[in-house]
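There are two complexes below, and they share chain A, which is joined by chain B in the first and by chain C in the second.
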Partner chain A sequence: MIRKPVDIGDPHRLYTVTGGRSRGEEAGLDLVTLIVSECRPTEGMQSEHVRILELCAHPTAVVEIAADLRLPITVVKILLGDLLAAGRITARNPRPSAAHGDAPESALLKEVLIGLRNL
Partner chain B sequence: MDSATSEAPARTPLADAAETGLKIVIVGGFGVGKTTLVRSVSEIRPLNTEEVMTQAGAGVDDTAGLRNKNTTTVAFDFGRISLNEQTVLYLFGAPGQERFWFLWDRLFSGTLGAVVLVDTRRMADSWYAIDRLEHHRTPFVVAVNRFDDDASRFSLDEIRQALDLPEDVPLVDCDARLRESGKNVLITLVDHLYQQALAREMTA
Partner chain C sequence: MSDPAAPGQHRVPGGRLPLVLLAVCLTALVAGGAAGAAAAPDGTRPWVLGVVAVAGAVAVAAFLAVLLTVRRTATAAANAAAEAAALRGQAEYRQAHTAHLADSVLPAVAERLRNGARTEDALAGMPVPEDLPLRRLLHSFAHEVSSATGQRLSAQAERDEAARQARELAEGVDGLLTTVLPGAFARLRGGASAGTTLAGVPRPADERLAALTEFVIREYATSERRSAAARTAGTKALSRVQAAAVAMLADLREMQERHGEEVFGDLLRLDHSTSQIGLLTDRLALLMGGRASRAWNKPIVMESILRGAVGRIAAYQRVRMHCASGTAIAGFAAEGVMHLLAELIDNAANFSPPIDEVNVYVEERTAGLVVTIEDSGLRMSDAAMRRAEKAVSGESTDLAHLQGTRLGLAVVGLLAHKYGISVSYRPSSRGGTGVVVLLPPHLLAQQRAEAPPAAAVPGARAPREVSASGAGSALPAAAPAGTAASAGTAFPSATAAPAAPDPAGTPAPAAGETAHGLPVRPRGRTLARADRARERAADASADLPQRKRPARDAGASFGAFHRSRRPEDPSE
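On to the complex of A and B.
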């Protein structure tokens, strides 16, 4: 079953979740940037931050976090920006394919092709 | 408290060595079979999420902007395929309607490529998507999702003409419900991208 779209009917809730901050703090995160926790949740932490730290005990994409928290991508990026700034999470490969360095694009595509053929 | 904190995700986490996320977008009109295709190849049940945008279409500049009523949301679903220990492919199902394209760059910049999913009973739905993908210079292939009650049975050649599709854009039949068929669509896309990359690297 696919759940219903997020209800953003109460703007004050989003305003509260993000502390009213702007999207300047997104830190170049992409939908598929993989996030990993660097610490465990601590007492008194904002519930959304706790949830993110729990989820990201294993690498988790930004878009999966948004789906689990039922919050818009923009809002999740702001929350992740907080945690990144505090060193509580790290972002792997902030730009797609950057991990492949100077390897030609064809090498990455070949890797994808092999992965798909092996499915 | 909040229900989000008590609800555990019922899905397998990625491998701890996972480091690279890649994107492929499946575009098509409502009911064309995007979610079905994602589901047939994904290792997780498709998840749903959304992005908020202002009336101007630029995304939310300030969360305070959410206080006024000029915001709207676009919803999309996605699935994923772990290609190997390090690399994960995310598949996004995106409705091809107009307001979605305002968010294309914001959501899908850096995408490997796109699949335009076509229902031959509503071919016109695909024109706009093809036009927009060309505009964004996103490489794509076209897959015709054949429905059982489609009496027309247009040939691929006829469909290519109707869509005014260049010869070098791959066009394939599929049944979005079947895993092998969905897999074949993805392989067609990535093989096309691979050939293009090789050609570029040859002349570089």
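On to the complex of A and C.
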């Protein structure tokens, strides 16, 4: 067995990032929830929190944060839950109701589909 | 001898005394006879005269007999006196001879004999006593002295020979102890075989010493070979376990990315168990002279180091980390530092109550980075603290000093010795024990002190630029951008493997840059070149104020040299 000469990943494991938690409080966070930071990072904060706060100076989606931090969505949600509980960030979901209201009725879409097939 | 002479001399005047007595007696007898004859009646007168005459005759005869005896006695006495005088003279003569013999002849003879002369030669010039016994005495004395001298000489020669042998033996043993055996053992420890070692060391002159040396060297070589073989076998077997654990960790990480919340907790538990196995196997491997299961080619920030250390112990949730330092540990030492801290924190957690926290503080000092681990358990006894201090001092890195199952501190000592880390114990102000770990500056990656703020801004900006230029297609574009951004904080070469944690299996993009001008290091390209490319790109985007590259140039260039060297030298 050939051993890899070096490791490139991170030395720390995910449970040390979350402090052993595997799921956060249900904060209603979605993949596309937009996060905005409400304060500057402070001294002594966990580095992920610092990164999130810096990243979310402009509204950023949860999935983008996860990609930037190279962390699984679950972990990011736990971290965001911490920040949310401390009031350091605010979360804003896209307007689902408005989007749904503007969308055409499914019956209409079905009719259009049938019409297209009949062409 | 003089005694018999004395009465003889007394008797000489006494010799005349009987004559006078005799004359007196005769006169008295004649007078008495005459008186008797005159007084006697006439008839008895002839008888009386006859009796008187007979008595006179008897008296004369007795007197003569006595006289004769006296004379004879006197002659005998005179003879005896003469004889005694002669004897006395003779005795004096002999005495003088004897004295001469004893005072001068015998010492002279003895002197000659002691000087090595033969018996005849020694006696040659000497006055020979006429006396036979003395002559015999002289001869036998000469013989005795001569043989005694011979015995003495031979005994002396034997003694000298024995002393010489003893001296040679002692010298041989000394040489064996001071030069031969230490040299031979050093060679054997260096891996030489018994044959080469024996040929290389001077052979003692003494046969028994030579045999002893050979025996000892062969025995030592055997035991050295045995322990080396055991170590090699153990290390090899352990390296497979280590590799399996690392592969499992990589797989787990991948699964954590892939699976959702429902199994995430289970995966974390597995991850934790595997990490603990990693600590155990690494501990054994390091003790047996093997290597750690992982190695890092980039500086690791202190926060990650602490998390990496804490993640390997069972009670990681009790550990509170207080780390405000952005300092990073150089890649070559990162794994060692992590393991060392993990052992110490594990120790602290094991020896404190399960409800109490273990606090870890990181402070930057001019002497280096100080990590303090404080528990609030029972205070260690002085003896225990001394033992622990001794174990972590790294003075005795020999496996022979291992005590039972206390392997962790021995590994700490090993690592501390290897990297020049100082570990000291002290009573903690919180009631338990404090361990102070001083990481010297040569273990710290100096450029890291400025890198996080420098890289944080582009790291923060990149996604915004992406979402602005990428316009909608957020996810695929954000992934490489995020990769590069985090690589900026960590290290530019870390662009490989954002998605798949197995870095060796991930082919990096062939092009030198991504579509957004971010550097990508293709396989086989040195890190230094990648770094240069990144700098060029950075110079192009001149709006970054940190690109002035302040006074850390020497450290940075050395770091670049170091990094470019690292991936190539472990080419096994």
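Quick note on the criterion: the second predicted complex is superposed on the first by the 78 of 119 C-alpha atoms of A that agree within 3 Å, B and C clash if a C-alpha of one lies under 4 Å from a C-alpha of the other, contacts with A are read in each partner's own complex, and residues count from 1 in each chain.
Keep in mind that, in the parts below, contacts are C-beta pairs under 8 Å (C-beta built on N, C-alpha and C of every residue); 3 or more make two chains touch, one makes a residue touch a chain.
What you see is a predicted model; the values in this text were computed from it and never measured.
By the touch criterion defined above, A:112 reaches chain B but does not reach chain C. In the superposition on chain A, contact of A:72 is made with both chain B and chain C. Look at A:33: by the touch rule set out above, it reaches chain B but stays clear of chain C.
Of the two partner chains placed around the shared chain by superposition, chain B is the only one that A:92 touches, whereas chain C remains out of contact. Comparing chain B with chain C, more residues of chain A are touched by B. Of the two partner chains placed by the overlay, chain B and chain C both lie in contact with A:61. When both complexes are overlaid on chain A, the residue A:44 reaches chain C alone and has no touch with chain B.
When the shared chain is aligned, chain B comes close enough to touch A:104, but chain C does not.
Touching of chain A by both chain B and chain C, each in its own complex, is seen for residues 2-3, 5-6, 8, 11-12, 14-15, 18, 20, 22-23, 47, 51, 55, 57-58, 60-61, 63-64, 67-70, 72-75.
Contact residues on chain A toward chain B in their complex (touch as defined above): 2-3, 5-6, 8, 11-12, 14-15, 18, 20-23, 30-34, 47-48, 50-51, 55, 57-61, 63-64, 66-70, 72-75, 78, 92-93, 95-97, 99-100, 104-106, 108-117, 119.
Listed in rising order, the residues of chain B touching chain A in the complex are 1-2, 4-5, 7, 9, 13-16, 18-23, 35, 41, 46-52, 59-64, 66-67, 71, 73, 75, 77-78, 80-84, 86-90, 92, 107-110, 112, 183, 186-187, 190-191, 193-194, 197-198, 200-201.
Residues 1-20, 22-23, 43-44, 46-47, 51, 54-55, 57-58, 60-61, 63-64, 67-70, 72-75 of chain A are the ones that touch chain C when the two sit in their complex.
Across the interface of their complex, chain A is touched by residues 239-240, 243, 246, 249-250, 253, 256-257, 260-261, 264-266, 268, 271-272, 275, 294-298, 300-301, 303-305, 307-308, 310-311, 316-317, 322-324, 331, 334-335, 338, 456, 459-460, 462-464, 467, 474-475, 478-479, 481-483, 485-486, 490, 493-494, 496-498, 501, 503-504, 566-567, 570-572 of chain C.
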